[in-house]
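So that we are looking at the same thing, I have put the structure below in structure tokens.
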Amino acid sequence: MTSVQTRTPAGTRRLALGITLGVGLVLVVLASIWIGSNGISPGAVWHGLLGDGSHEADVVVWGSRVPRTVIGLLVGGALGAAGVLMQGHTRNPLADPGLFGVSAGASLAVVLGVFVLHTTSASATVWLSLVGALVGAVAVFAVSTAGSGVASPVPLALAGTAVSALLAAITSFIVLGDQASLDAYRRWVIGSLGGRQLEVVQAIWPFLLVGAVLAMLNTRALDNLALGEEMARGLGERVGMARGVGLAAITLLTAGATAAAGPIGFVGLTVPHVARAVIGNAHARLVPVAALLGAGLVVLADTVGRVVTGGDAEIEVGVVLAVIGGPVFVAVARRRSLAAL
Amino acid sequence: MTVPVLQTRGLSLAYDKRTVVDDLNLSIEAGTVTTFVGPNGCGKSTILKALGRILHPAAGEVLLEGTPLPQLSTREVARRLAILPQSPVAPSGTSVRDLVMRGRNPHQSWARPWSKEDAQAAHEALERTGLADLADRDIATLSGGQRQRAWIALVVAQAAPTLLLDEPTTYLDLAHQLDVLRLVRQLNREQGTTAVMVLHDISLAARYSDRLVAVRDGRVVADGTPQEVLTADVVARTFDLHVRIVPDPVTGTPLVVPEEPALTGS
Amino acid sequence: MSVANPPVQTEQQTTGPEPGVRVGPIGLAWRPRVLAMTVVALVVAVVVAVLALGLGSAHLSPLDVLRTLAGHGEGAQEFIIMDVRLPRVLVALLVGVALSVAGALTQTFARNPLATPDILGVTSGASLGAVTVIAAAGGTSLAPVVANLGVPAAATAGALVAAALVFALGWRGGLQSYRVVLVGIGITAVLDALTSYQLVRAKVTIATAASQWLVGSLSGVSWQSVWPLLVVVVLAVPLALACSRSVAAAQLGDEVAWGIGVHVTRLGVAVGLLAVVLSAGAVAAAGPVGFVAFVVPQIAVRIAGTSRPPLLLSALLGAALVTGADLLGRILLPNEVPVGIITTIVGAPYLIWLLVRHSRELAS
């Protein structure tokens, strides 16, 4: 009678990978705080962190780099986790969390805020986009369940496409008629961590926390659902409820991330695949690893965007992710045996 | 009189507006092996899904050990009833062991995610299905027969006293078909597992079942022991097929031999 | 053993020709309902076109329109119709035809109602080309010239280069649709990001002009826009019709299609090229008019009751939709609403309605 060993060779490998990921993440965070376009010396950064440095260092470190890093970690983590859930529930490896109407809803809300309320303040933007994101997601789910009663994979993708397109058309309509709205919209929609302060975290952390908890609660169900709905039901899984919890988690995580940084596309789509290659299929491990990978990726992309151009100019994190991620995606698509995807 | 393990009362089943089964009254006794046979589209898989609460009745009810299914939590049902649907799929990268471990889901909870009993049951399931050596292999790399055995190991690990198997032998070669059916009979004889199956091969069904139910257009044509049910008349009425029934030279159970229509001139 | 009864002689059932329509020596195996719907769509498209020529800041009756088209119009009417509205209506019709046919081809071949030619990188490439030119020339004295010639040219170039890139990178000993889709996603992401980057960096007035183009608009259309698109449509659409039987066979799955003699790889390349060329032509003339390629074939399928979108029906429906949308955009509000916004605001709710009504069919 063999008993399940606590540390199999696979387990050791996973532990090593986890440690590597953790170390990598720490390095990325350090890079993000120490490297930048402002030309401040490393020593000055250290003093800035401690609070006893020059005023300039203080402003740069605490006003810009630390907030960006923290928000980037949260955004990337949320999107990575949401991506795993999204692909698990839709059974579609091409599913991106933005498909749920979250991005389109957030964008429309932000634009309405400028157009109707004439507000462009950062905190207003965050709250507006949270509301818009949730409303957009609710609209998508409502459409998807209106006919059949259960949000099943194919109608969900179609509903997401339709609702997102409709919201985007309304957004375009407003934006083309009002210059202030267009200006706000184009800066928002590109996906950026620039100018975000730590107050943003205050607004989004409850959503991210609840979303993360729900995501972890959903992992067992996702493992069972991976075998098909009928098999999952046969194993005693309450499929409807599992889907509901999963979709709520995806919505909360994506809404929080979008509110903080605008719609960022690539993370939710690609990170789950990398995580799966690294850690296997068990969702209880997949979600945290994807979150870690996503966090590191976003902060890394943001850092690259800040240093790759000289002077004060920076390339927004959304652009960096796409411009680097796209070719990597293509390279992977060319190399791997696609049956694995 | 013991309560039947599964019972239907006035069961009607429908897909959208199309009624597939109407007013079915059936009982499955504990410790028996029952097989549903019938032509494609006759409703036998539909009945099995209703028994396994995968499909909700349009009318009537299904009782598990005397209790209507809707009154039991799905977890409770999963502890008493295991179902293996047709053509199940597992994501690539799943090992045999991972798959079999999923069968323990109904016995696990947040308070008790993984216990010694679970490990024991999974191990035994692998041994029983002869997959202990292949436990760490990726399912996608196995042959069709081995893969099906892995799924059966999953439902065995679930350790439910009743097993529902929807066409468990389709796409398997004869040797593997016999493997699966012998395993089911073994579970039945050794552990008293009640089995309800849907099979296409009528002769194999006769060999390995205590009771056959012939279904056509959602209605029961005949119900009884293989000897009682497998007559040329019943087969003709169920399948529109002209056959001769001979005793199987090995087991004595009815063996179905199709008649051959004379070829018309070209 | 007694011999079984001799088999009953079954009557030889002759199957007649498939129900269809014969016109002289040309037999078209069209089902009556598809044919009827196609004729209806043709009539609708013509009516919408005549209305679009007549309505606007100056109203002309349909009779006036027809008279002017025949050459007997009065001076002012002739100017309005021949110089201002006719090119616009023609481009609208052609854009509708091109996008719908491209969409129908892609959806049938990919066996997926979500498939659009956008995944081949066409729209993103065109957008990048157009926005780059608009941003580069905006504010300079070249702007008007650029708008007429440079933007369509850059859009066409961008579309074709992007599609070529997707095909080339997606080719690996053959053209697997899955790989092409993934490569398309990657390249589209890069191109869209570069477009966004320029939009953020440009002056707000230029960003507005670029955004106008990006949403799909016919406001800058002149006779110069008509000819290239006309050539594309006249060449590509008959080719698409010629392919349609093979494309229908491909819908049964690659292996079955090979089995009945369809060269799936070559067909894939042909369909891809046609979809790209049609999309590029349409986008170059009017920008990416949203939702047409996606939703018109779905409407055609439901109207005709077939399993795949009939090409001609889709083309005519698309022509009617885009022309009608542009007409609405011109007359609905004092400020013209770009046609791309109208098509999306019409198309998306329709898709939603379809989903709500037929969710179970779609789920299977």
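First chain written, first letter: the chains are A, B and C, and each begins at residue 1.
Convention: a residue touches a chain if its C-beta (ideal position, glycine included) is under 8 Å from a C-beta of that chain, and two chains touch if they have at least 3 such contacts.
As the structure is a prediction and not an experimental result, all values here were calculated from the model.
By C-beta contact pairs, the most connected chain pair is A-C.
Central chain (C-alpha centroid nearest the global protein C-alpha centroid): A. Farthest from chain A in terms of Cα centroid separation is B.
Averaged C-alpha coordinates give centres for chain A and chain B that are 44 Å from one another. The mean-CA centres of chain A and chain C are about 34 angstrom from one another, to the nearest whole unit.
Averaged C-alpha coordinates put the centre of chain B at 50 Å from the centre of chain C. In chain C, the residues that reach two or more other chains under the touch definition are 360. Those residues of chain B in touch with two or more other chains do not exist in this structure. If you check the complex, the residues on chain B that touch chain A are 49, 52-54, 73-79, 81-85, 88-94, 98-99, 102-103, 105-106, 108, 114, 116, 119-120, 123, 140, 158.
For chain A in complex with chain C, the touching residues are 94, 143-144, 146-148, 152-155, 157-159, 161-163, 165-166, 168-170, 172-173, 175-177, 179, 182-183, 186-187, 189-190, 265-266, 269, 315-316, 318-319, 321-323, 325-330, 333-334, 338, 341. Every residue of chain A that touches chain B in the complex is listed here, in rising order: 1-4, 220, 223-224, 226-228, 230-231, 233-238, 276, 280-282, 339-340.
By the touch criterion stated above, chain C contacts chain A in their complex at residues 113-114, 169-170, 172, 176, 178-179, 181-183, 185-190, 192-194, 196-197, 199-200, 204-205, 207-208, 211-212, 215, 290-291, 294, 335, 337-338, 340-341, 344-345, 347-349, 351-352, 355-360, 362-363.
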